[in-house]
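Here it is, the structure in full.
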């Protein structure tokens, strides 16, 4: 975390409001979930809602209150062990795959824990030194990440239940079904030396820094994400049965796990892939909506089948830097400033807030990367092997959380996140 | 199930009372458990409480109401799939290790399901043919088995939680801690031809029949179960580190799972085994209480170390047949009628209702065994490989459920049941 | 090992001849195998030929020469570790599944090791005390067991090679193909108290003792083994797809391992099961030959399908005790002395030397069983959980090795031995 | 494979000589190995020598002779299935982990297969079209890769044998023990835009192309590889027990596999790491020799401990391009042409032919990468996920095989190759 951090009064006030808002938003997300919903872990990759609620609280208690507030009495000293995620420096912790065994403490007790810590932060906020305010800001962004995971983990839990319960029966926001059809256009990207990485006044994670030069070869990006209709064509063409299209590890995964379609796609009685499970339960497959819940392996195979490839993270960022993340996926997020070597005037759509877009880039340190100091330095750097970068944020990403330099990362077989595909090609 | 079944009016009334009592008892056992407690599955061998509550209800709905009551409307047709356990004849079912993913339906909904089915049985009871009354009786005994599993499964869940919550903080009944010390005496058993197996007027599972002759060699049984103090001596003598004491499969299990003591035993800070987890939470190891939660492998190794062996199920039953199961473990359940070749007049203690006692007998069909007809015929016979018989019932066994001919069975590595050890030796 | 053992001169001479003959026979079996054939381990259950050759030699070196011959110089001190099988008392040993990594020492070196030890035994034979002569006799029987394993392990290796090489291209002896069709008859067995177990002057393993009384219920045995034609009818009737026919563990095995037919059966291009792999390579399925290479699970399922069951080991032994093992499978081994309650005069065929016959008996200690003293006491007793008894010997069993009381044992899923099925039924 | 390929007569003659030399060299490597040594597979990652010998031959038979020589009669049609490695386009093949079951065909038969194919290529060479000559050249480089694997796989086999046999008892060439101590110096690398990738007249694999611009940040490379002495300091400092030093996946690997030191390091009786297994058997750990057989995870953790990092593949290539691979590791391979921003005049040692050097670069396609056409296009591109690039070649790499642009790749946990560590740091 290379943050310049000199907070004046108004900035501090903004941080306190942000803190209150983030804490409150997390609790809203858990509304409607039962104690059982919030306790069960549907697979080792996922965590129970209760754990998300508690761990984000643990972060503030551990790194701010226990460190910086003299006389702070922890809510329950046993929680220090229970809700540590992977911070080795913070001592032993519950093995990840056992998080679902914590039927106690109850959801209500976890909510009290949240209250206790939220209040303590608020009470002591005015007296905290800048280094701890930085950690509060980090904690807010950390909690926003867990807001998204909370949603994808609940979706996985409900999607593993034969009853396929709807989480938000009437909610249209997460669907993308209202997408208008857009012709896929190729938008020329910048080439030659470009700078990527974070270097602004705002917040960024350590892995987004330092800003540095990289070199881009001539290429173009597709103007929108791959749709369900396109993906169905891939399925119908035997894409999941043709090893020539797949990476070797990807093909092994397809065979081992009997992969035939994106996660949550469902067959109709006639064998046709006609619907998909989502936050609203089972809904029909919208032709023009972007395909979601695909792995890197699938994204890569689709691109090969389509005669294209996935963009690198630098290509993506060089284009995205010109767009405003807050405008969201459905607005005309045309890239106005693409340089003159751009031979197309098509707008780049769905860059932010629609689906996380797999890039062809392994998640590795930037030149000159230095992890943040202290235990929070374990935050990002230790995951830099075997994963791929995703960009752009999804419908489950909190508004304001994503930015052009934001690097998300997952293993190439994982697909329970809101992941999608943008194509690229060489020019 | 080879039951003679001619119910007169008073017998039918007795059955209806039994049904009501069993249904009610199950629900009492679930009191104090949260929706989360009732939903989580702590290991593939265990099932969630909610599943026990629902599956026992499924049994009555499937085998009695759907079969025998014209016009019966199932509570929820999807439950037929969700709560089938292993009855292949009843169609596909949820894989056993996925039972913990059912956060919906909620505990409250399952309780409604129970009510619905209990009421329907009561309403239609008077009109049911004898064959269905037989199935109701079977269902009551089936539900009693699940009452015990419900308790051992919750114990395992709580014992897997680092907080080690107490289920019944003040409950002394399950502890055995009040045991008086009793000298271990050897009680001569019957030998020559003896008859075992069920042949009475009461209920028995099919696997307890037919009653048949077997031949016993001269032997003696220990007058009480092996105690914690004795087991600690075994541990201290290096019993868990000496391969000579163990069956080959048992030794592999010890090494693979790093077994050092009975399940739920806990070390004090000084490394001493000083306490154990149980329904009341963590309590001190009572010296004279019988050791519990040991596997067959451990029981067998202990017996070898002690210069003894485990009794066969026939030896156990021949002695136990003379005692009254309802008198319980702590009464003077002296075996009055042991024949004259008995050279000891010591009473046999703790035969019933204390702990399930591992026998040296594999769980196999009796000569002439015939499974019950129909889907319930899958009840027992299909498990007749790889398991060992346990006898006597435990503190978690419903009063009146056990009988001399009762055959419980588990795999030799399993130990989350209330299992203990009685020794035998050749004469 | 409860052997009365007072050897006079002629008995000692007989033992020396037996020793020489057994050692030589093992080496004949390895003829025609390459160094590679003799080194590879095709699955953890199997061992390389080289290992069989060396381990049987290790037995004599460890228990006779190192113990009983002052000044004996081991051939290579490292072999003590390499070729121990499971004798914990003899110290650490190579993990079983790593036996196939020993490309050195070579087959030729192992043959020199054999020579060295064989010679040393012969040289010192006259001076050995009776206790070591007993161990030589035990070692001969031990080596005969490995002679059979050597053959089944090589068969498994060759059967795992896509080229399916024939081991003995012209050898007809192991085929059973010349069997005449015999009508299946039911032969009434003895009932009431019978004695089984070894009590004679000859050799027996400890697990065959003591001779003791058991009680048999009225039953009959089938006059011959189940044939390929009968088994094909079972396959064609969907026997491998009907869970009602299978033990629960067996059904899990069928599904997990995609079991569709006996091991080594092969489909023709039209999907028909038309041939099987064996020592002579791939040959047509002989209709009247007994089916071989089936697991206990399969044997049990077939019996259930046929309305019968498997015999207990006591039923088998009570009938077999009247026959002469040396007469072999194809002779008229009619049971002449079956008591008058025998309602059939059909001969019992194929009792010895055809195929090991699964019994319905778990492999457990006989009443009064005491393991042999010393390290050889690990020989049998430690395997007494989870396995089933087989009786009768197979075409690969050395002539003279089997006897009425002989107890072989394997896990219920194993089928790479020469295993077959005799049926029984209750009367 | 982007090869300009216009062969004149002398070039063709050179290719034929190269072919003959490569084929012969492979066979020399197998000298001294027994049929058993050549048949056993010590782990799924490794292949038997026989398989290497046959598969490299299969390559020429499949892609040259079967395709391009009318009337060619395959040596044995079954080999097409047996010795395919991963070419999906060439049809089904033996599962990789089963390669060790092929005790037949024998080593001698495989040698005949080699002869047959070598001869056929020689006979038909003059008539082959350029496209097939290209495939012969590719086949030679392919076979050289297998020459190295053959050596590392045999080393793993012998290293898994408790006897730890020496492969080349007197061979000093592979040891590196004669290394003189060299002070570690930091050599400034080039920065700004640099070109990497193959673009010359000689052979290169498709993954080395196209040559393209990349951007280097200011950095320095260490002048030599990390030594055994340095690594021992890391071990002694608790490097393998401190999670802060490790990538998250790396730490999981350390714990799971109980990793404590480089592969093949051995403890003395006093617990000290004093020797290592290698081609000459067990030898003392040479202080100044470069540490070998470490995984990416270990290399990365060591670098972090040392306050440095691993070089990227572009950094490595930019420096190495100025050196001559043929001069080997021990010569003064000073980098003469490092531009003026080089503040150090230290020579870069051990760049080629000593050990494969882990880079911080994931193995991914270069911008504009296009796989070779046809089945050989599966050669490289399909492995582009989850692996890291290694550079420089090792003592087992055939002379002339490596070049500045050469990209080797392995998974981050693998370490049975001759892998070592060069450090880098930011300036």
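Letters A, B, C and D mark the chains in the order given here, with residues in each chain numbered from 1 onward.
FYI, contacts are C-beta pairs under 8 Å (C-beta built on N, C-alpha and C of every residue); 3 or more make two chains touch, one makes a residue touch a chain.
All values reported here derive from a predicted model rather than from experimental measurement.
Colleague: With over half of the numbers shared counting as same, classify the chain A/chain B interface as same or different.
Modeller: The interface of chain A with chain B is built from mostly shared positions.
Colleague: Taking each chain's centre as the mean of its C-alpha atoms, which one ends up farthest from the centre of chain C?
Modeller: A
Colleague: Based only on mean CA positions, could you tell me how far chain B sits from chain C in angstrom?
Modeller: Computed from C-alpha means, the inter-chain centre distance equals 37 Å.
Colleague: What whole-Å value do you get for the distance between chain A and chain B if each is reduced to the mean of its CA atoms?
Modeller: Roughly 48 Å, centre to centre.
Colleague: Any idea how many Å lie between the Cα centroids of chain B and chain D?
Modeller: 60
Colleague: Give the residues of chain D that touch two or more other chains, as numbers and ranges in rising order.
Modeller: Expected reply: no residues.
Colleague: What residues of chain B sit close enough to touch chain C in their complex?
Modeller: The touching residues are 86, 88-89, 193, 212-217, 219, 243-244, 246-251, 296-297, 300, 309, 360-362, 364-365, 367-368, 378, 382-386, 388, 412, 426.
Colleague: Flag every residue of chain C that touches chain D in the complex, lowest number first.
Modeller: 34-40, 42, 78, 81-82, 94, 98, 100-107, 157-158, 160-163, 165
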